[in-house]
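Look at the two complexes coming up: chain A is in both, with chain B in one and chain C in the other.
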Partner chain A sequence: MSALTFTAIKTTEQRVDMSPLVCHLLKDLSVAEIAAIELQNGKRKIRVDELFEISGDDAQNILIKNSYAKLDFIAKELHDGVMTVEGEIGAYFGMSMKSGELTAKGNVGLYAACEMKNGLLTINGNAGDFLGAALPGNKQGMKGGTILVKGNVGQRSGDHMRRGNILIEGNAGDYCGSRMIAGTIAVMGTTGRFLGYAMQRGTLLLWKKPTLSAAFNDCGSHTLAFLPILFKSFKKLDSKFAEESAAFNRVQRYGGDMAEKGRAEVLVKL
Partner chain B sequence: MIINGVSIDETFAEAFPMKATRAIITAQNEKWAMISAQAMTGFATSVIACGCEAGIEKVLDPSETPDGRPGVSVLIFAMGGKGLAKQLETRAGQCVLTSPTSALFAGIDEGLQIPLGKNLRYFGDGFQTSKKINGKRYWRIPVMDGEFLTEATTGRVDAVGGGNFLVLAKSQPQALAACEAAIVEMKKLPNVIMPFPGGIVRSGSKVGSKYPALGASSNDAFCPTLKGITKTDLPPECESVMEIVIDGLTKEDIDKAMRVGIQAVCDLGAENGIQRISAGNYGGKLGPFHFHLQEIMA
Partner chain C sequence: MLIKLTGGTVYDPASGIDGQVKTLFVLDGKFINQPPAEMPIDKEYDLKGKVVMAGAIDMHTHIGGGKGNIARMLIPEDHRKDPVYRSDITRSGCGHAMPSSFTAGYRYAEMGYTAGFEPAILPVNARQAHMEMADIPILDKGGYVMLGSDDYLLRMLTAKKDQKAINDYVAWTMNAAKAIGVKVVNPGGINAFKFNQRQLDLDEKNAHYNVTPREILQVLATAVKEIGVKHPLHVHGCNLGVPGNVETTIDTMQGIGGLPMHLTHIQFHSYGTEGDFKFSSGGAAIAEAINKNKNITADVGQILFGQTITASGDNMRQHANHGFANPNKWVCMDIECDAGCGVVPFKYRDQNFVNALQWAIGLEIFLLVDDPWCVFLTTDHPNGAPFTTYPHLIRLLMDKSFRNDMLATIHPEAQKMTTLASIDREYSLQEIAILTRAGAAKLIGLDDRGSLGEGAWADITVYTENTDREKMFEKPDYVFKDGELVVVDGKVVHTTWGTTHIVTPEWDNSVEKSLEKYFDRFMTMKLGNFKMSNDEITEDGRGSLTAHSLNSIS
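Take a look at the complex of A and B:
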């Protein structure tokens, strides 16, 4: 069996809701049935075979080629299976993903992995704002799993995050970890302004010294026993985080946000 | 059966089902991991009065521990699940949490999960934080030397307790030397502990007593000073008997440990004063696990 492949044969003016093209919804369908699925495209509907050339037959391994930035909701609620997307990707990539592996070869838009529940989501390019965040009005963002971003991320990554890991090899924008409830965000690059704004609990693990607000207090330098275990859990990833040289256990610990619960921490590599 | 001049009795050791768990203690160095492990497994020779039977299973290389530091694994056995959970928690709280630089991890993943650090976290008075890594929950409890890291739970499994054998020798020093040699070899095996002091018991017991309040009393049939006044099980020239009790995660683990231990004793042989190997049982009516000495040594 070869990967079920959707190759975009044209682009659209309006955004496309790609949520029906996900492993668990396609597993019992024939290629003809898949081709006949109608996707929401702006205010009209478009057949799958009008937008994509379809090949392959393994619905547990889906490949989307020639993706463009107006394809939204790719891999929404992905439940088992493997999905890979080549090209630019729109908003809500991997939204509410439950399990499995999801990979973006290019850049992704807003709200990628928002309210993700489990699984591994890898973004080889950059990610937009609200990575792993809660949807507007909701109280809890990402609740589990791992997001690996090899590029940079926009603002408010991990907003309202509840559990899980966000690993960023590049830089993070403003408000990284804002309103975070718990979980871990690791950033190898630089971080923007208002780091950990209104953060309740959880860990921001940084390689570079950030600009911290007055609501984070210096708790001194420490050797923390949980860090080797955390780094060991990254070993299987295809990432800089898996490298031996990336691991450390000596950190400067800042506690905050003292305007909130004050049980969160920013750990900066020493 | 005679091995190197040592007679192996045609009898069996009788053992009982127990509940068990393993915990891994790490520290800045092996010395402090061992100190913590010794404290945690202290006063845990027999369930008769200690609440559990516990012992150090082995020293762990940093490559074998979850946090990459030197460590020690301990096994704890109790008659029931509730008793085991209580003993584990009490001992973890008083002996590991308090021990400098220590961290505490689960040593068994399968089975029913029982609290390890799950409730100890409240010592953190609200400053404790948790991390869920690879599906396992850890608690970070702030303490005066830094941070106490503990896994939330560990696995509880069915196990076997009370495997044993008796070493009958011409003199007390010879009995002790033989048992010491056995313990050295048995300690090399995983999944078993010998919970008595140094792994050796000099006061083996029988069920019951002339005093109604006591459930167990001295095993007079194997007491050499009573040879002439009780129904003795000892040859006239026997001056000392010592016992090795074994708790193991499975019957096979105990089988193996008994074989290795008895062999070590027999290697010293009759020329070193070893006369017989026997075992303690209750007629086969109390414990479902029977370890027949001659079958084990065949």
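Take a look at the complex of A and C:
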């Protein structure tokens, strides 16, 4: 069995809702049935085989090629299975993903991995705003699993995040970890303004010294025994976070956001 | 355009027709008894074996006004579960608990409803409410203007102004807000909340104005009667949802001194304090009081299980209940010192003792009120349940074995606290037609709606007889609005724009003198801007106003 492959043969002016093309929904369908599925495309509907050339047959291993930035909701609620996407990706990539492995080879748009439940999501390019956040109006963002971004991320990554890890090899935009309830965000590159804005609990682990608001207090330098354990848990990832040289246990600790519950921490590598 | 509807089984309580086979004629949107001789029939529908009723009227449904938009903003997760895509003739939107205005119109029509009345138009928000209702397709609209907690009225009462002055103010406000009735919500309580009172009994004084809810009800019910408005004062009473409020409700009925009064969502006002959980059914007592007091009518405000959102002007009670918010978020606010607003999402659960008993109390009231002209079918949309649950509710009323099956699934303690299982009554089709058509039209004071008789506007619903009443009522074969076919097999096939029903009682224009001073001193807008003009509803070419007759003033 080879990976079920969707190769985009054209691009559309309007956005495409890709949520029907996900492992658990295609499991028991024949290729002909999959070809006949209609995707919402702006205000019209478009058949899958109008937009994609389909090859392969293993619905538990889906590959999307030639993706472009208007394909939204790819791998929505992914439940077991492996999905890989080559090319640019639209908004809501891996939204509410429950388990399995999801990989983006290119850049992804807004709200990637929003309200993710579990699993591993890897983004080789950059991610847009609201990575791992809650949908507008909802109260809890990402609730579990791991997001690994090899490029940079936009603003408000981990907004309302509840649990899980977001690992960023590049830089993070403004409001990183805003309104976070709990969980961990690690950033190897720089962070923007308003870091941890209204953060309640949770950990921001930083390699570079951030600009912190007055609502975060310096709690001194510490040697934390949990950090080596945390880094050990990253060992199986294909990432800079897995390298021996990445690990450290000596940090400067800041507590905040005192305008909120104030039980969050920002740990900066010393 | 002459339409012939041939051979349907007609239920038209307004004309006293109960299940007779009858052919109906519609000429240019209105019923006629016999078409003029030799006039060709443009379109004939064969309705043999079908059930024909007037278009249904929802006399209490929150479909317009600011709180609807707050409710929409508060529960985006509910909307995401029910997106509505556009079609060639219908607009996109979203559904479930608080649907978008367009979706509300389509879904009402698809259930055979052709009119809905917004029960809580704040005078200061009347413009927004009418604008929003102008975006509800197919349905006729109208609203009751909310008075009773506005500072101007309370000042008048404190100053012991005479009834004539109050009558003028009520009539003036109805005209300014383009209303067909007057509603009072937790009389004086919304105002008392601002003076840090967290409850207000019927005879408890507002800490600032020294006015009791009983006095407010008395003057407003008198005003409504004296200016000739047919819809009785529409009352959302004190102590909504408080165990033991059945006493207050009965006291409210008796204390009004025989004046016509409509008690709304009375299920929420029918709770006793007996039993292990200090929460019991007052359904039987309330039904008995309605049976005895001929001046009283009520709609039920039935709850049905599932997620919904409660939106009410009663910020005092909504604030008290915010702890039950599910999901946990809520809004309470003052609105320009005129009234208040509270929005709290709710999830009614059949395994929750209180919710289960609320469900049973509503049904008890439906089944124990003898006269179907005195009780109306509502869920207080969206407070008890979204209006889309009406077919299910109709089945509960018409099908005893189904009702008892449902009863057997709710919280066991609640089953013990209700007499529902022992009630044998099943509503007939004619009685359902009274509750949802003829009775509602009569109560609101609509001259030419809710009837299939000569001269009435041709709002028609055609159903296929089915012993499963839920299936029957959720998917009418045809719905006509003003003689135009709008729904076929439960799907909108054509959209029209309904009219806005109002009344125009008279007032003495000198009332504006002191109002103008008051507006200049305290309000956020000038008197001239506060009053809505007719053009605001009609100038877009799709809205229209229909003024209904008043009772003759003796």
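The rule is short, and it goes like this: the second predicted complex is superposed on the first by the 270 of 270 C-alpha atoms of A that agree within 3 Å, B and C clash if a C-alpha of one lies under 4 Å from a C-alpha of the other, contacts with A are read in each partner's own complex, and residues count from 1 in each chain.
In the analysis below, a contact is a pair of C-beta atoms (placed from the backbone, for glycine too) under 8 Å apart; a residue touches a chain by one contact, two chains touch by 3 or more.
Only a predicted model underlies this, so the values are computations on that prediction, with no experimental measurement involved.
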Tell me the contact category for A:163 with respect to chain B and chain C: first, second, both or neither.
first
Going by the touch definition up top, name the partner, chain B or chain C, that contacts more of chain A.
B
Quick one: classify A:184 as touching chain B (first), chain C (second), both or neither.
first
Under the stated touch criterion, which partner chain does A:135 make contact with: chain B (first), chain C (second), both, or neither?
second
For A:201, select first, second, both or neither according to whether it touches chain B, chain C, the two together, or no partner.
first
A:229 in the overlay: touching chain B, chain C, both, or neither? Say first, second, both or neither.
first
Which residues of chain B touch chain A in their complex?
66-69, 103, 126-127, 129-134, 138, 140, 146-147, 149
Contacting residues of chain A [partner chain B, same complex]
144, 163, 182, 184, 201, 203, 222-226, 228-230, 232-233, 263, 265
Quick one: which bits of chain A touch chain C in the complex? Just the residue numbers, please.
40, 43, 135-139
Write out the stretch or stretches of chain C touching chain A in their complex.
73-77, 80, 85-86, 92, 327-329
